[in-house]
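Shared between the two complexes below is chain A, which has chain B as its partner in the first and chain C in the second.
Let's turn to the complex of A and B:
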């Protein structure tokens, strides 16, 4: 992970930027979320922290037994089409961080789920979270490690019990082209779902 | 995780802004919520003309004005660069908006809570299409 960029040309947003959007990059610990963000980002990956109160979701905060946790999130940014800053937020997948996730998910284009086929079962908790709490557009990207078994998209989709139509791509997430392709597939999915909603959208 | 903790003495951003040794939420007067504290992390802060010359601002608010003086800066980047938790930056930014020092740009409605089960991101089809076109050109 790089330090805060020293080149003002890339650290600051271009003056043409007029809006921002975000995608979430989710997945089990160590699966390659930050690798993907770093491959796409025009700035060195930054880290931010939030203090969250766990075990008090849906409970009167004054009465609940609270414990506070600091959660670190890596993020990056890429300017697309000259006018839009696209932020990629790497989000820890564990259930206890859901409180943090909820606010993050609001307004997101969608979630890119990074999986490692050598330990697919570690992705189940993340998928459970997504399915229980959001109906965000989803796409799966299989991070292909040299010793990963190769599976078809259908096999991965079946193993993860993904909603029908969820795109599955695979690639080496250190490669910018592969990481960009994964992002493109997710946003393409979001466009497709939004079109299908037609005029009924809020 | 090995991330530096907030308030560690002498930690600095590239701009030389020295992280405070004050407990994070002390700079918000102890508040953890405000009317606009649900601002999204990607929301962009724009400094209003003349705001940089304001007097009587806290060091944290001055630092926000300095970082956003020339181009828009997101709440997430302010948090990372100033080494303040996201919640603190959201409150400071909301305060500064009420004080007229800054404007905040979001692509989605703020303070509209549709519940976590919503499938609507609030982003229009035209915004999504323009993002897709932009990514395809990367």
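Let's turn to the complex of A and C:
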């Protein structure tokens, strides 16, 4: 009968992997979300077509017309420490996709915000959405393009009105090392916040 | 009886609310790890092609989102199929089922793992 893993395109996880976590990779259109995921992922970037029901925002909810849209979600995976699969979900920032966020944000380690400093203002829509997930650890990675103006972390934090202590790093997201560093910074931030919480609760 | 269960699927709508399909278990997330139960039991003859493809694809461990991508189906629909296959004993959740945020120990392990790249 069918052999194990009969489709060679299917990349199963190692049998030692027994748990999973996820991070969201968020940002405005074309900032480099997929580039980052691809740089880190141990499998080719995969995508799914999700159907979402969107209601027009800012309209009386009872009267708002609902329509159905398809949105492509891309994601990658990397096995860390031999027993944990880390998933990276690229999440579109546009307001009309916000419905998708609730289910995705649930249980996430945090969100890595990819920004392009040549058009920072395009990130505002994403940040508005993140404000609804106040407990979500955040880190910013500035995707450096050759003509990007250089800003300090403080300047980026201020421009984006991010919580104090939100780490800001920058790099070429086509480079695996830079992309991995951005992830380390996000997970490091999550650890820091969790420790602080634990301390406060104890 | 399971036969009818499988026939049910096209009727069940997979309305997306906040990225999830209803009805489904709230323990299923896009990153939930799944694996076919390897006990030699065959699906009933009435099982649909999506169920067959799903079990075939899931002979090794994969996350729900990966299954959806390989099957070219929305995650919300696959969640419904998966939920029924778990109930019928053909599929198992590999990762610990949790409603909580990842704990400190897990976060530290992930950070350690990333630092070793």
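Everything that follows uses one rule, which is that the second predicted complex is superposed on the first by the 176 of 202 C-alpha atoms of A that agree within 3 Å, B and C clash if a C-alpha of one lies under 4 Å from a C-alpha of the other, contacts with A are read in each partner's own complex, and residues count from 1 in each chain.
As a working rule, contacts are C-beta pairs under 8 Å (C-beta built on N, C-alpha and C of every residue); 3 or more make two chains touch, one makes a residue touch a chain.
Model, not experiment: these values are computed from the prediction.
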item: Simultaneous placement of chain C and chain B on chain A, clash or fit; value: clash
item: Partner chain in contact with A:72 - chain B first, chain C second, else both or neither; value: first
item: Touching partner for A:191 - first (chain B), second (chain C), both, neither; value: both
item: Touched partner set for A:20, first chain B, second chain C, both or neither; value: both
item: Touched partner set for A:81, first chain B, second chain C, both or neither; value: both
item: First (chain B), second (chain C), both or neither touched by A:133; value: first
item: Contacts of A:94 with chain B and chain C, given as first, second, both or neither; value: neither
item: Which superposed partner A:152 touches (first chain B, second chain C, both, neither); value: neither
item: Residues of chain A contacting chain B in one complex and chain C in the other; value: 4-6, 12-15, 17-22, 46-51, 75, 77, 80-87, 89, 102-104, 106-107, 109, 135, 180, 183-184, 187-188, 190-191, 194-195
item: Contact footprint of chain C on chain A as seen in their complex; value: 2, 4-7, 9-10, 12-15, 17-22, 43, 46-53, 73, 75, 77, 80-87, 89, 99-104, 106-107, 109, 135, 176, 180, 183-184, 187-188, 190-191, 194-195, 198
item: Contact footprint of chain A on chain C as seen in their complex; value: 14-20, 29-33, 56-57, 59-63, 65-66, 68-70, 72-76, 94-96, 98-104, 106-117
item: In the complex, chain B residues that touch chain A; value: 1, 3, 5-6, 13-14, 24, 38, 40-44, 70-74, 76-77, 79-81, 85-87, 105-108, 114, 116-123, 125, 127-138
item: Residues of chain A that touch chain B when the two form their complex; value: 3-6, 11-15, 17-22, 40, 46-51, 70, 72, 75, 77-87, 89, 102-110, 133-137, 180, 183-184, 187-188, 190-191, 193-195, 197, 201-202
